[in-house]
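Structures follow.
You will see two complexes here that share subunit A, one where it goes with subunit B and one where it goes with subunit C.
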Partner chain A sequence: MELCSKEAVKYVWEGAIPLQIHLHESEVTTLPPPPPILVLGSRIGYLPLLVPLIKPHFSSTLPPGTDTVWFDYKGLPLKWYIPTGVLFDLLCAEPERPWNLTVHFRGHPGDVLTPCEGEDSVKWSYINSLKEAAYIINGNCKNVMNMSQADQLELWQSLVKGNMDGYLRISSRLKLGPLGEDCIVRSASSSAQPRQAIGEPDFTGSGRPCRIPVRLYVRNISEDLDDLEDAVPIDNWDRISYINRPVEIHKEEGHLSFKCAMKTLLPKIFFEEPLVDDHEFLREGETVGADSSYGDSETIGGSWNAQAEEIPFAGQPQVQLLKKSKIKMIRIQGIELDMDIPFFWVVNNLKNPEYFLHICVFIGTSTDQSTFR
Partner chain B sequence: MGGHCLWDGTLSPNDFIASADDLTKKWMAINPNLPQWTWIPCQRMDVSCNTQAEGYLALENMYQLSASEVNAPTDDENYSAEEAPFDNATLIQSYNDDMHIYDFHIVYSFSYQVPVLYFRGYRCDGHPLHLCDIEKDLPPYSSKIRNESKWTFMTQEEHPYLCCPWYTLHPCGTSDWMKLLLGGDLPSKNPDMLHYLSAWLSVVGQTVGLRIPLELHDKSI
Partner chain C sequence: MAAESPISDRKVVVHLRATGDAPILKQTKFKIAGNDNFCKVIEFLRRQLRRDTLFVYVNSAFSPNPDELVIDLYNIFALWSLYTCDKLVVNYASSMAWG
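Right, the complex of A and B next:
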């Protein structure tokens, strides 16, 4: 398999989700209410970038005030800095087309959602992610920091406009990929013939592990669900564990499958067992407590409380549980991948433009009460 | 990080935990009357990645007088001098409003392999401070940097464990200046990682107006 497939990258860039966007009823001041607007949201794009398309459609009905635009899906405020495709993969267990979202121009929920000050916020969130990815890959972010203003602007504009060729031309100068199986960044020209490639001298022989930028979103759904369509909609981000941690690969590991990479990310769930559908992995002796050491409940200890509530008898401190966790589905760019696919192929071809691979994992968890001691 | 390699200014997750413990103890010895640093463990129910303990270090309820109170007459927008110049009650109210409370969290960044400071501020009545309020509390040089690099110095980001917006200082330069701070005199040797967080905080604390006693950096304590 080729290390880098332009065809696959093109599919990622052309991926889009049909969105049907409704104005929240509290902001409708005219009769009849405005109909929803249909727009295509690029998978690699961000929701606030659609505002210039959406705003004119609703502007005549908005109440007076200043705009702070945000979106929700079934009441869940959407994090604008997560790419649209990732939000869709994560929140629509069973893909819904068109995807019905609600837009708000007022009443931004500042306690749960970072405000977005228009395109500039999105651009800098993207550049800070790109810097982070560069640091993970190269151990510094010099190449991103030293980019000229003109290149930076062109890179961003290519992303906004979905201009893949323009984007690849500039981003190739950042020397962040493609990554080879020897964990060396290939130069763009040699990527077609990986076996003969000469790596960047900067990081050969340094002995440090190869690090790959990954953002992992783990969503818990009920174990007993056979049909993902029945998954209860998420009303709170606490139900999703977000893990921002690079995958570390030591050179001697060489050929690495997607499955192996997932094992390093989620060792407790993958255990030492092969990933087989309908195979359950038991974890014994998981210590759970509704222990107050998790912090002052007043100071946004919400995530811990919410998790504790899911567990029967959580009020008893230090309950021993036998929990069963099962991987229900792993999705990247809307695709359920073959677990034996080489991980480097996945990274090189299915990453987002900020060089992070976004992985959505659905886990079914059930608690067997008979095992309480 | 072999002995022959130059230290790159980063910190491993285990060193972070050890160093956090060291900072906590030193802080308690030096500042017994201030709020204390506390390790907050965060075991994610299903998805804990590593066997090592996960968590962050928290210092909460730190009172800070706002810069406007120290340096100049109050110009709080709610109680401007023009509105009620002679109303003593209002002035007292205004004084209370200027007492800001800050929470500071130190979280390990697996991407940058360095500690990252997250913080938030609020008034005595629990009303959260916006960036424009916080800016008034910052030392002048931090405000200057913020004006020059709005998006790359201090921004509002999602707290990695609490999943809601906190202010944070961008960590991309941390390993570089930590290399100078700790590895400067003995570039070929790894410095004692126990002192990493105290040294780091002596710099980062200043940028957000958290006054760090000099003794904290004293290795003999």
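Right, the complex of A and C next:
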């Protein structure tokens, strides 16, 4: 299977969520109230980018004042820097089509949500995420910082307009992918080396593990849930565990499946047969917190394991955890993935334009309130 | 302190460095709980410097989302850098430094 498929990337770029946007009733000053507007929100785009389409529809009914636009879904203010597709995959356990959102132009909840001041805020957030991803992959983000202003602008515009070819053309100069199974970044041609100083820390192909930028969103739903439609809607972002942790892969591992990669991210939660091999989990437990020297990727994961363990389980931590939680579903770009897919295929084809792979994990727990960290 | 406390209480050492003409703090190294969001660092700086307009970066490179947990940033960016070793270097400026 070829590791990077233009056809797959095209599907991702063309993916969109049908949205039905209602103006919040407190901001309606005309009778009859305006009907909701139907808009297609690109999966890889961001909600504030839709404001130029939405605002004209409602502008005649808005009360006077200055606008700070924000959206909510069932009362939950939406974080505008999370791609639209990810928000949909995460918050709609059962996909709702069209997705009913409420737009507000006033009354921004500053304590819950950082304000978005238009397209520039979103662009800033995008470029910063891109730098962060470059840093994770290369150990530095010089390639992004060395981009000309014109290139940066063109890259951003191609995302806004959904222009995949334009985007691929410019982003290929960053040499951040596609990743081969040997963890080396493959370039389309044997052109000049990236403009990184020799002697700078370079994590690709040097024997160090390669790192894949991942943003993980973990949501708990009731274990006994048969129908996802009945999942309790999220009313607070604290109910979702957001984990920004790269997947570290050692070169020798080679054919890494998606399941194996998920195990490195969520080792305590991820398993298939409950309680089959207690010994394996106890061994894992023994390495937890043992040696906190860095440079040891296992311990970085280990320290995170211990954190997860600290939360509410007493007595026999690992065994109780096994009984209580189970992966219900994993969604990336709206797809429920087959766990045996090669991880590198997933990364190369399903990542977002800022080079992060956004993974939504639904975990069935017997207590709805617990969160995992 | 970090060695004895349970992992969930682990504190991260943050080194705050001024960039450009931003005022320099008297004390530049602080400990913050790993479980705190990056926005706590931003708010702390805003209070200390009495400024609302601040651009805050990690490793002179980029601005993380305020939602990011400090421990995640530390694990990714402090431990892996050969230059910063065991602390998270946070730079702040009054105007955009790395745009």
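Keep this in mind: the second predicted complex is superposed on the first by the 296 of 373 C-alpha atoms of A that agree within 3 Å, B and C clash if a C-alpha of one lies under 4 Å from a C-alpha of the other, contacts with A are read in each partner's own complex, and residues count from 1 in each chain.
Everything that follows uses one rule, which is that a residue touches a chain if its C-beta (ideal position, glycine included) is under 8 Å from a C-beta of that chain, and two chains touch if they have at least 3 such contacts.
Everything quoted here is computed from the prediction, not taken from an experiment.
Q: In the superposed arrangement, which partner chain does A:340 touch: subunit B (first), subunit C (second), both, or neither?
A: Touch status of A:340: no partner.
Q: Pick one for A:14: touches subunit B only (first), subunit C only (second), both, or neither.
A: Touch status of A:14: no partner.
Q: With both complexes superposed on chain A, which partner does A:243 reach: first (subunit B), second (subunit C), both or neither?
A: Once the two structures are laid over each other on A, A:243 reaches both partners.
Q: Who does A:112 touch here: subunit B (first), subunit C (second), both, or neither?
A: first
Q: Can A:363 be said to touch subunit B (first), subunit C (second), both, or neither?
A: After superposing on A, A:363 lies in contact with subunit B but is clear of subunit C.
Q: Return first, second, both or neither, reflecting whether A:120 touches subunit B, subunit C, both chains, or no partner chain.
A: first
Q: Touching A:266 in the superposition: subunit B (first), subunit C (second), both, neither?
A: first
Q: Between subunit C and subunit B, which one touches more residues of subunit A when both complexes sit on the common chain A?
A: B
Q: In the overlay, answer first, second, both or neither for which of subunit B and subunit C A:141 touches.
A: both
Q: For A:218 in the superposed arrangement: first (subunit B), second (subunit C), both or neither?
A: First partner only, subunit B.
Q: Subunit A residues touched by both subunit B and subunit C?
A: 79, 81, 114, 124, 127-128, 131-132, 135-136, 139, 141, 145, 242-246, 294-295, 300, 303-304, 307
Q: List the residues on subunit A that touch subunit B in their complex, please.
A: Contacts found on subunit A: 79, 81, 110-115, 120, 124, 127-128, 131-132, 135-136, 139, 141, 145, 206-207, 213, 216, 218, 220, 237-238, 241-246, 265-269, 287-288, 293-296, 299-304, 307, 323, 325, 363, 365.
Q: Using the touch definition up top, name the residues of subunit C that touch subunit A in the complex.
A: My answer: residues 3, 6-8, 10, 35, 39, 59, 61-69, 71-73, 75-77, 79-82, 86, 98-99.
Q: Which subunit A residues qualify as touching subunit C in the complex?
A: 79, 81, 114, 124-125, 127-129, 131-132, 135-136, 139-141, 145, 201, 203, 242-246, 289, 292, 294-295, 300, 303-304, 306-307, 310-311, 373
Q: If you look only at subunit B, which of its residues touch subunit A in the complex?
A: My answer: residues 2, 5, 8, 40-50, 58, 60, 103, 110-112, 128, 151-152, 155-158, 160-165, 170, 172.
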